Amino acid sequence: MSTIVFFIFAILAIAAAWGVVTSKNIVHSAFYLALSFAGVAVLYILMNADFLAAVQLLIYTGAVAVMVVFAVMLTLRGDVRESNPENRSWFVGALVAVSVFAMIALVVLTNADWRVLATPWTGGGSAEDMSLLLLSQFMIPFEAAAVLLTVALIGAVILAKGVKESK
Amino acid sequence: MSALPTVESMSMLLPFTILAPLVAMLLIVFLPKEETKTIKIVSAMGMLVSLVLSLYAFLTYQWAEGGMQFTLTIPWVPDLGVNLALGVDGLSLPMLLLTNLIGFASIYASWNIDKRVKEFFILLLILIAGVMGTFIARDLFIFFLFYEIVVIPIYIMVVIWGSTKRVTKEYAAMKLTIYLLIGSAFLLVGMVALYLAAGANGNPTFMFDQLAARQDLYSPAFQKVAFALMIIGFGSLISMFPFHSWSPDGYAGAPTAVSMIHAGVLKKIGGYGLIRLGIFVLPVGAKFWAPYIATLAVVSVLYAAFIALAQKDLKYVVGYSSVSHMGYVIIAIAALNPTAVTGAVGMMFAHGVMAALFFSMIGFIYEKSHTRNIADLGGLAHQMPRLAIGFVIAGMASLGLPGTVNFITEFTIFMGVINVFPVHAVLGIAGIIFTAVYILRTIANVLFGPRRSEWDHLTDIRGPELVPLVLFGFVIFFAGIFPNVLLGMIDTGVTSSGLAKVLETVSQAKMGGLF
Amino acid sequence: MFKEMHDLFQWAWLIPALPFLSFLIIAFITKRSKRLSSTVSILAILTSLSLAIAIGLGVIQAGKEIVEHPAIVNVNWLNIVGLQIDFGTIVDPLSAMMLFVVTLVASMVQIYSLGYMHGDEGFSRYYAYQSLFASSMLGMVLATNLLQLFIFWELVGLCSYLLIGFWFFKVSAREAAKKAFMTTRVGDFGLLLGMLFLYTKFGTLDFAALSAALNTNFQDVLVIGTAGYVTVMAFLVFLGPIGKSGQFPLHVWLPDAMEGPTPVSALIHAATMVVAGVYLVARMYFLFDFASPAALQFIAGLGAFTAIFAASIAIAQDDIKRILAYSTLSQLGYMMFALGVGSYSGSMFHLMTHAFFKALMFLGAGSVIYALHHKQDIWDMGGLWKKMPITGTTFFIGVLAISGMPPFAGFWSKDEILANALHNGHPIIYGVGLFTAFLTAFYMSRLFFVVFMGPEKPENHPHESPWSMTIPLMILAFFSVFGGFVALPEHNFAWYIHYGEFHHEAIAWGLAGISVLAGLLGIGLAYITYVKKLISAESVAGQFSGVYKLLKNKYYVDELYLWIIKNIMDGMAKVLYWFDIYIVDGIVNGLALVTRGSGKVLRRTNTGQLQTYAMVFFFAVVVIFMAFAIGESQLAAINPLATLGGAK
Amino acid sequence: MMNLSNLSVGLSTYLLVGAMLFCLGLYGVLAKRNIIALLMSIELMLNAVNINFVAFNRFLWNQKIDVHYLLTGHVAAIFVIVVAAAEVAVGLALIITIYRNRRSTNVDELNWLKW
């Protein structure tokens, strides 16, 4: 059962990603992106990472994809159907991407240690379990992440608002 | 510093010596740049303290005891075996004194500088402190560190305060810096190789004496390769043919103080390093390469002397002459016997003093007349008799006139070399004829001859400008008339540091190979 | 008795020290005051003179003891591994004689210069140089070892350089000074080499020790080398005297050195410095004696050749100082060949007498030049005897002395040399010497007759020189007349100054007669040519115009050297400079260009396109991965540092 | 080489999915012209990394580790998400600024890094 679900959503995620990078229309790309994120979220659930799946849906599918769409709207010029073209060296890019994939696949498939099936899940995965870990062991990174987000927020605002030219 | 003479603080003598110019430099950093007079006085004071301290070290060094004295060892990076180890012996003490003499005089030789005075003196003091550091380091790492410190101020000083004649100052600065850096790259490789080889017993070290003591860890093949790296590195620093071509161009482009320090002491790091690192640590390699080095040295001597004959710019004459004189130092090092090595260190001292005097006098001529072209000058003895005296003293020292320290050191070198490389020595000694020719020609054409009215506005050197002349003139003649003061000191370095023993072993090995 | 004398001799170092002190005083304190400077200098040299006389008297008194055991004092000067050099003083008859001659001539010249250099801008500087010169020359005479001698030898050369170029504003003086220094430098090169070989072979440069080494264990020393080795060293050492004492072919600097002030010529280039070479050969005579006979024969041949060569040039010269200069060269040749033929005493004797009469003649010439306001061509002069009786008379004494007329000083010394040459089996050299004596008499009397006799020139208004100049002339004239008598009655001079065993030799009156005859012949020929005008000098010159031109132009030796310097040395310098700029620097700049060129090419990879960078980055990741996949072991094997650092 | 039984959902399979997503993202980064598309591709790559984190955590980590540290891989993924969110915010702000200045979101034209 879970195997079937896995394959459905894995293929969905990959196909959506394929759509992201091949679509000529950038708005379509953005939607494909959201779809891909959702597929990944299902994979998380399959790996007993419930909280992470929720976060994935909220932040990626909900926030990031929407932000991208807004950005597309703010910067779009000309015909929307030709808004997401390939550059001249796309073929080389594809070759490099394929060879990188071949490289990773080689490593993954030849590594006997990784050829394991899932063992029964003993841990939680809920928000409670996460918070315990985040607020004890990873306290300082957690705070740092908070600062980072604040800085990013302020930075984004300042950047997007722009500096007054005349003064 | 009042507690200096006590035994405990003796070890702080060398740190204070090197810190004095640095403290002066820091003071200058906080001075406003308009206060040029104060800046100059502060630099001079810093160097004076340094000079007095090194003189004190020179005078209180225990000859009978020998070896490294005034030592200070602070572990710095224990895992890598890096120690902040300072100390001087009979080989490095003359060089330290020389550095301070020239450093002190170079402040006065740049007394009239008016462009970016503050920056100039800051860089000059860093430069001097860096050179000083190389001579008092007992640790290869520290040695190399100080050496690299030296390169940067030179580049900046040549580019900003240099002069453009045959080649642009930018070209000169670039050539100088790149040569020195390429040389130091070879050194670095050699140094790392040496470090790895010496650390093979699991106890890594950079200390000179430790490196020298681990002879059994270096195979002959390793010694040959490592010494070849050293000779390329130090050889380009001491401007051995064919790595010499930075020297005339560099000196010509550089401001007076840099020329003085560069020709006077910086170049000598090459010779000093060859002795300290080449012969001490890699005697077998030195023995293998000695004949080739001697040949290159003789070529240096004659080739540069001939080229100096064809020069039209004063600084080029002295530049090529210093290449020629360094040939004597190199051949002495290649001779690998105590007499020659004593002569080599003595010659480095003597040439340093002479070259610094020469460059400071040329600097004054250029500063006042804005030309260094020999054909444009003439009869300057009329307008500048004191400068003429300095120029003649430098010239006479350069051609090795007895009574100057240069003669007796040259003689010691010849004495050491003639047994080992008779043919080379004879050819090298023939170089003194050509030296005489170009020096005398230069003196005659610049100083003597009819009075030229276009130079009537030139004023003779006076006040602070006299310091280089008085200081160097005194040293040249004092050490020339009482050579034991200098050569005896070096001799203790050669005998007490074990160098004599190393050289003896090597030369015996050579005899064994021959017969 | 000898002990007391020895105490006296220990103070010999004061003789050079005093003038040196005076040099320092003048240079640093009194140079602004001309009067003070000259006073200091003259006082110092006069004190030295009296000390020298005291030492001379002491030597005479000590007699046999000092002849056999010179008083030597040594102080360590340099002591390092492989090189021990002492500084010291040696007092023996030879050095005592030299001390006396040098201090005497130097004091005379310094007093004379009061008048001659009066009003010169560089008066103080002149006396400083004079003091320095006296100090160096005296130091050289007292040297106990070759290196010490060499040091002072070079300092003397420096003083000569400074004094020739004293009037440095004259281009000719400047060039002459340069030439003098360079030419003697060539000789010094040989001397330096000889010194080095001597030290490496014998481990000492001390004259006494060297002599002992050669004498006692000569055979041991030659285990390594052969007699040829010593001969080579002798030849090398002799190169120094060739330069310093103006022997052919390094004689060219001496005539040009006449550009200096005339008293300088008298002191340095006639009486003292130029005989340094002769003195050196005398000091090192043991070396030449032990070398194969070729060495001494060479010295004799070269000396004789120089003697006649220079004399022949002197005949055709017109400049009063140049004639004297060539005469000096000729007489130096005389001294040299005297040493070569084994007439050690004769050579030293001639050295002394020549110093007296040549200094006298130079100072006399200076007096003439002073009176005629720096005219030097003898044909511009004439009939000066009447106007300048003291100068004229003393000059005449000098001419007679150099021509070997009895009883003047030159007679005794020249006669001894010639007699020894014949006696020791060198008839050809004797012949050359005799002919040179004839030539000498001829050109010296020619000079005298043209300048002091004959018609007066109306444009000249000569007057006798001041006392400061004539008194030295008279004193030197006195020595020129009576200086030779030290050889009487039983050849005392040779008893004191000789080499090896002393052989008493009676004066060979027959041979003496022949040389006097040659001298008279020369004087007579000059008399009938230039006073009676029975032979026209012009027509003779016209008849042998080729020879005359050759002599007039000094055999074109100067031109040859100039050509060599201009074309070969400077040409080579230019070629090498070209090589340095275009080949050595060319390679360097070429490498720089390659670097810059490759930078220019590689710069294009810096497109500014982030995507390109990322592509290269990931491509590199793949490549590196593949490299590692192929095998780490092979990579490690070619790691150069691993080989270098770890090899044992 | 590949055993069919292994095709059941094991670690390698997850990793391969992650690799595919990563390489598609990489292709997007290398081949697209629109700078927003680049940003989206980068998000894809980050997601791929997250899959790896979680997969390793699920398959390897939970066998070996004390229960308190069981979710370390999740924490890492959380941080990645945080950084990605910050990156998107700043990145989009930058894109808008660039667009305002240059009137373009074409990467080909953004080559001022060239010297």
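Lettered A, B, C and D in written order, each chain numbered from 1.
We take it that a residue touches a chain if its C-beta (ideal position, glycine included) is under 8 Å from a C-beta of that chain, and two chains touch if they have at least 3 such contacts.
What you are looking at is a predicted structure, and each value in this text was computed from that prediction instead of being measured.
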Original post:
Which chains are in contact with both chain A and chain C?
Top reply: D
Subject >> Selected interface, B-C versus A-D, where C-beta contact pairs are more numerous >> reply: A-D
**OP:** With centres defined as the mean of C-alpha atoms, identify the chain lying farthest from chain C.
**Re:** A
Original post:
So what's the Cα centroid distance for chain A and chain D, whole Å?
Top reply: 5
**OP:** Using mean C-alpha positions as chain centres, tell me how far chain B is from chain C in Å, no decimals.
**Re:** 35
Subject >> Rounded Å distance, chain A centre to chain B centre (Cα mean) >> reply: 64
**OP:** Please report how many Å separate the Cα centroid of chain B from that of chain D, as a whole number.
**Re:** 60
Original post:
By residue number and range, which residues of chain D touch two or more other chains?
Top reply: 26, 29-31, 107-108
Original post:
At which residue positions does chain B touch at least two other chains?
Top reply: none
Original post:
In chain C, what residues contact two or more other chains?
Top reply: 611, 615, 618
Original post:
What chain pairs are in touch here?
Top reply: A-C, A-D, B-C, C-D
**OP:** Would you pull the chain C residues touching chain A in the complex into a rising list?
**Re:** 611-612, 615, 618-619, 621-622, 625-626
Subject >> Of all residues in chain B, those that touch chain C in their complex >> reply: 175, 178, 189, 192-193, 195-197, 200, 217-219, 221-222, 225-226, 242, 244-245, 249, 303, 306-311, 337-339, 342, 379, 381-382, 396, 399, 401-403, 407-408, 411-412, 414-416, 418-419, 425-426, 429-430, 432-434, 436-437, 440-441, 444, 447-451, 483-484, 487-488, 490-491, 494-495, 500
Original post:
In their complex, what parts of chain C are in touch with chain B?
Top reply: 76-83, 147, 150-155, 158, 165, 168-171, 174-175, 177-178, 181-182, 185-186, 188-189, 192-193, 196-197, 199-200, 569-570, 572-574, 576-577, 580, 584-585, 588, 592, 641, 644-648
**OP:** Flag every residue of chain A that touches chain D in the complex, lowest number first.
**Re:** 2-3, 6, 10, 13-14, 17-18, 20-21, 26, 29-30, 33, 36-37, 40, 43-44, 46-49, 51-52, 55-56, 59-60, 63-64, 67-68, 70-72, 74-75, 77, 83-87, 89-90, 92-94, 96-98, 100-101, 104-105, 108-109, 113-119, 121-125, 129-130, 132-134, 137-138, 141, 145, 148-149, 151-153, 155-160, 162
Original post:
Taking the complex as given, what residues does chain A use to touch chain C?
Top reply: 87, 89, 92-93, 96-97, 99-100, 103
